[in-house]
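Two complexes, one shared chain (chain A), two partners (chain B, chain C).
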Partner chain A sequence: MTFVERPRSACALAGALSAISALPGVIPIVHTSMGCGGNLSGMNSFGAGYWGAGYCGGGSIPTSAITETEIVFGGNERLREEIESTLELIDGQLYVVVTGCMTEMIGDDTRGVTNDFTDDGKPVIALSTPSFKGDSYSGYEILLNGIFNGYLQKTEKKNPKLINVFGIIPAYDPFFRGDLEEIARLIRGLGLEANTFFTPDQTFENVKSAPSAALNIVFSRVWGTAFAGEFEKRHGTPYWVTDLPVGPEATDAFLTELAERAKVPKRRVKAVIDRENEIYYGYFERTADVFCDSDFKYYAVTVTNSNYAIPLARYAQNELGWVVLDAFVTDLLHDHQKDTLLSAFGESGIDEAGLLFETDTSAIARSITRRRPENRGERYFDAYSPLFILGSSLEKVTAQKRGAAQLSVSFPAFNRMIVDRGYAGYRGGLHLFEDIVGSLVFPKG
Partner chain B sequence: MAGKLKQIAIYGKGGIGKSTTTSNLSAALSVMGFKVMQFGCDPKSDSTNTLRAGQYIPTVLDTLRERSSVKASDVIHEGFNGIYCVESGGPAPGVGCAGRGIITAVELFKQQKVFEELDLDFVIYDVLGDVVCGGFAMPIREGIAEHVFTVSSSDFMSIYASNNLFKGIKKYSNSGGALLGGVIANSINAGYSRDIIDDFVSRTKTRVVEYIPRSITVTQSELKGKTTVEAAPDSAQAKIYLRLAEKIAVHEVSETPSPLEVHELQGWAAEWSDQILALESGVVSGGVKAGI
Partner chain C sequence: MSYYEQAMPPVRDQRLKMGDSFAGSACELLECAKSGCMLQRNRFFWQTGACQMALTLMMAATVERSAIVMHGPIGCGTQLHALCVQGNKGKTKRGKLPVSPVWLSTNLQESDVIGGGENKLRLTIEYIDREFRPEIIFVVTTCAPNIIGDDVEEITRRVQEFSAAHVVSLHCPGFKSRVVASAYDAFYHGLLRHLPLEPEPWRDFVPRLSGPQGDLGQIQYEYIKSRTVNLWNATSIGPGDEEELTRLLDALGLKVRVFAEYSSADEFRFVSQAALNISMCNVHDDYMLSFLKEKFGTPYIIAGMPIGFSDTRRWLRSVAAHFDLEDEAERLADYEEAKAREAIAPFLQKIQGKRVLLCGGVVRVGTEAIFLKELGMDVLTFRAYHYDNGAEEIYERVAGEFPDTRIAVSNQLFEFCNQINKLKPDLVISHNGTQGTLAKLGVPSVQLFDVDRSFFGYGGVFALLQRIVFAFKNTRYQKRLSAHVKFPYRESWYGKDAFYYIKD
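Our next item is the complex of A and B:
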């Protein structure tokens, strides 16, 4: 029997709730037993650098809070009542009923109930998000499908400049806001328009305009790719699956390919890249003294979800010149998803590292020790030291035991506050450099 | 009270005569002087109808739907000869979870220690045919019934349902669940039907407690809203129910059955199909030749 120890994800409902809470104008209505909505929101916030609850999040999430009576007799009427109250009390532009395990087990006709609310100008949709359908990552996909491929109408009108950004998952990519903002800044720098949906600058109008986009970018090899395929079938928007660019080398390549796909003149993209590099290295060069003189040359192990594995390993190798030993992927993946990621990893040019799939914190710690043993007094020993673990807060103990440095860059990141920080792009590359070197010059213990 | 409370669960395929048999068993035990409660565990809530002149009674769950807490005494209704009748009830067809409803209803009685307070000799659970989910296995799980009897005819689908029940009993047998007392063979009239059921019980290592023939007396009694024991106490059929009750009253040791695997059951059924055809083939071919 396998089990997940110290999980880095929760149920599909949690994933859907984290995404809804970042979508402006979208109100969740949780149809499940008491506690699910508040607890899952708490976990989403805690694990994503104290992201917080937001409008109509956390303890304010409308929930049917069913009890045994609804389990036995069905919860449809309780849900109807909850929807009515929510529509009356809470302003929103789209109300999304998301379900938990209990109501799915007893087979409540959630969609049947929401269908009765279609006529009064306040749209209510129902999505099935019990834990047995999948984890938080699949909850994100279910939500995207429900809104973009289910609720949004097709449109003939296309905006050749508009690009939708998907694949960066609220909360489970703890830097999602900063990352999305930087990606949007880069896209806009090419004279294009960007929908990031999940950042505070966006409104529900961005959601509504999504079907008219000319391109969807999915910054995930596994999460949201099937959704983007369906989006293309429904709305005719092609999609591009790529890794999140972190640091100048990856971002130069990203912008070059984006310009080709979006038909931006080469001259323009070159000007953007040159300017961005000038700024990046303008900052970076002043750090060179401390970085080189202090000999901040490390072996690196990354412990992240599948979205961050390749970008971080590539950054550590190509931008810092570090040797990446292992890249652990902690989300639960199907074999075909693992194959996709392995093949992308193989093509990413990361020399030494192996991509390892492991969900359990102690197994990751054991694996690091087994694959890179500690010196136990041998005279000649390949020490793999000093070591830097780019992981989650759960890797803190492993790092302490191993005498390694550590920075929390993946979910759950609860030993730091994350606001608009991101590691994507040029600016993100500098931020990551700041955080890594900052943790070395002033370790917090 | 004659002695220790005995809790019995009666299972069997829907429509096989389970409630009829259970109600007659309750009636017979009651006539013999025992204090009996019949607990219908079926959302249809018609188990105890013939003990109450065809009258439906408010169910545990109907009452629970209206109120947040229910006193067990509110949902116990007296029937023929002082038999306590309870119906668990359930949600409307197609919604909610009937299985959970059974659990809720049974737990309510257990928590309120009703059986002890009423000083009962027998609680008989009449449970919906196929054990479709955990809820319907509630009465055979730890701490509820000790003995299970299954009502079965010689029809294959009825035997199939019994075999499934045996699987359920076997599953819970290691964790203190109820064990199998035996099969109550119902509607046993044709010569071979007795042989079929005898063969099935021997293969599954159990026994037939009683053979109950199909009888017009039962139909007549039910049309009057009564059990045969009440409506025709001197009939041959009533005597059979009394004999069944006597056997169950003294029944002490139940055992774990050995259910057949699906392919074994199919193979077994195919053998019987050939035998029955052979038995009747003379008549069939003669009929064809003579009549057409």
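Our next item is the complex of A and C:
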């Protein structure tokens, strides 16, 4: 892999820490030097709409804080001491040792150390998360694998109604909490049960109950799919890979398919869909006056991770009637991941847009300019205007230079606060509309 | 060989007597530092902090028309996203264009860690130079390339031969020290080795002709230089503080230039053109200022932080002494102090007797504690994030003012929570990054520093008291929040001494 401009993802350790900070009862212990945990938490806690450090995140994260002495003589003993102190001091249900580059390079036997604690019946596991092996997205996968496919015991008892939701990545999907809540609401609306794991309503009991689920849904074409395959092998739970439904058209389809997979009667799902649409359009109908009178029809460019690329393009095209030009995918993908995403994009019914893989902010700006040229003083020029860029806060400058509108919907999002907002489902569809059009009416007052 | 000639800067653990784990009286602290026992201290339990790379980046991200190459795996430098946002705000407030530096990561992979990352580094610097044409390219090396032994100096030297930009290497192996203060030295080390610090003929001035006119010009220039001072800022020092001190030094007839944050390559060339270098923080600038003395013969003053009446006066007087302006400085201080004392009079009764705890940078907490005591606040204790001998002068005064107070050297949140829980202060004045924790503990708090606000000089005194009084005005937010937040520490922790985990 080559160099990266302003990476929109950090290291595997960052991804693991971000996910742990949203996982109730789970305590991280960072086995590396003093700065890693704090530096990464700064990004994790503030880069996704300022969602903060959490129960044992940020400056509270235990660390072995190794220095040159351990680099030379090894860090196993320092780690052992840190784990002992953590168990004594910090209240948690599972303690996860995550490593940084230094301790991986010097070859510390992290697992050997944690095994000694496990032998004493202490809930401590070790995961290898150095930066040079993967980025934040793979950190999320490593964490899921470690807990669900490593730590959790197999169970014979299955709950036919229980569904685990995976693939929505804390922080790197900045609306993960709101999205998970809406997905859970939809699942429960069909009379089923949902484990979202990373939302405030969950406890460690949800984690423990995961192996008994009847179905895993992975809302990502690339992240967590291999994990779900392993989960199926270990726990026997089948999985379904689909896109996050954003807006009523996508959500109707999602619920219909979910009902089939979970054997919910057709009549029941139809009633839910009808009721949800009634409410959605009860709100949406009234927005047409300002939306149409103000000519809020736009060309759209999206700049997001692979999880949000298809859902956003689909929403902009099918719900807003916008013309989506390009969908830039910013996470660093392997070729087979790109192929998977491309084929999903091809099937998603998005008319004109191309799916482009690019993460460098200036390269994205250049690409937009090259593919969608601006008028350079010609009298008659069919420009792609007006243009709306749905991207990260890095796209703010790109949009300003281009004279385009912009909303931060992907990581990093520094120019907005995100609390329980999500764009998934029916409610999310309204929220996304509110945010997009809100940014357009903002200058009016 | 002096430190300045070496490719790698020293960390403070090598250069100074310092530490990050201590609890005891100020006298014991001084003794422990002097004997070196401070260096040996450690903890059985640690929580994450930052590393020297983090603070070096804070400084580098403010430099105009620069670009940054992070030489390391992809996670290092991720905070630059936030630092660029912060830097743009600082630039705007100083009348500069809010343009963020472009930054790239060499994105070291497992194969690079095994095979070396030098080639990748060279390609990255060449790309950033070609693509973005910055004036300065900061090459920041992190832990991994330092462990595998990449020769970053050699790469930057080779690239420099073909680049119009100044290629400035900043060595930041985080594992070398738990104490982040080495970051300042690492940043300055790069500047002093790789940036031109003298004016360039035809660019910065027209070379003078020989003869009477040329001589007159030279005399005029020398006079201006003899009245020019460099004020050295820091990430914790905002434009409000820079303005306040510039205002005071202006009044003494001095011309002030501010370095090194928010400067450009063009400005750095004038670093050598001053009669005096003035630090605003004892533990921030000694490395750079003693270099400038060695190289250009410019004397320097490190005279504490101008916080509170007596320390502002002391600071002002030491600067003035250099120019034989002590009398003017005293009169200026008298005038300013009288005005400020009048302005803060209504605040005093509202803060007197209130029980306060301070937490943050070693110089700030010591200085501020002395000042708040003078104003009549009840200083329960304070915590310095680290200690090094730069702060000795202040802690000697602290020992006089607070002979029986048990103070601490700690940047650890678990110890902080324990202390708050036991001492139950009315107010905490604390380092940025801890205010959320304090609110969750139910305690009103004020920032120890904040670049959007003033702390230094007379304006700073007023602004600080205004904020303290404001903090007391409605504390419902903290009360409601704390009633609903669970901390990760077991109940038994609060029964133990806050510094139970410190190893002697």
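In this text, the second predicted complex is superposed on the first by the 436 of 445 C-alpha atoms of A that agree within 3 Å, B and C clash if a C-alpha of one lies under 4 Å from a C-alpha of the other, contacts with A are read in each partner's own complex, and residues count from 1 in each chain.
FYI, a contact is a pair of C-beta atoms (placed from the backbone, for glycine too) under 8 Å apart; a residue touches a chain by one contact, two chains touch by 3 or more.
Nothing here was measured: the structure is a model prediction, and the numbers come from that model.
J.: Does the chain A-based superposition show chain B and chain C clashing or fitting?
T.: fit
J.: Quick one: is A:Y55 in contact with chain B, with chain C, with both, or with neither? Answer first, second, both or neither.
T.: second
J.: Scan A:M105 for contacts with chain B and chain C and give back first, second, both or neither.
T.: both
J.: Per the contact definition in the header, classify A:D179: touching chain B only (first), chain C only (second), both, or neither.
T.: neither
J.: Quick one: is A:S33 in contact with chain B, with chain C, with both, or with neither? Answer first, second, both or neither.
T.: It touches chain C, and chain B stays clear.
J.: Give one of first, second, both or neither to describe whether A:V72 is in contact with chain B, with chain C, with both, or with none.
T.: first
J.: What's your read, chain B or chain C touching more residues of chain A?
T.: Touching more of chain A: C.
J.: Given Cα centres, how many degrees, to the nearest 10, is the angle at chain A formed with chain B and chain C?
T.: Once the structures are overlaid on A, chain A sees chain B and chain C at 60 degrees.
J.: Closest pair of CA atoms, one in chain B and one in chain C, after superposing: how far apart in Å?
T.: The answer is 5 Å, the least C-alpha separation in the overlay.
J.: Which chain A residues come up in both lists, the one for chain B and the one for chain C?
T.: Of chain A, residues 68, 70-71, 105-106 contact chain B in one complex and chain C in the other.
J.: Once bound in the complex, which stretches of chain C touch chain A?
T.: Its residues touching chain A are 44-54, 72-76, 78-82, 85, 100, 102-110, 112-113, 120, 123-124, 127, 131-132, 143-144, 147-148, 174-178, 180, 413-414, 433-434, 436-437, 486, 488-490, 493, 501.
J.: Write out the stretch or stretches of chain B touching chain A in their complex.
T.: Chain B residues touching chain A: 61, 64-65, 68, 90-92, 95-98, 100-101, 104.
J.: Under the touch definition given earlier, write down the residues of chain A that touch chain C in their complex.
T.: 1-7, 9-14, 27, 30, 33-43, 46-47, 52-53, 55-56, 58-68, 70-71, 81-82, 84-86, 88-92, 101-102, 105-106, 130-133, 135-136, 362, 393-394, 397, 412, 414
J.: Mind pulling up the chain A residues that touch chain B in the complex?
T.: Result: residues 68-76, 105-109 of chain A touch chain B.
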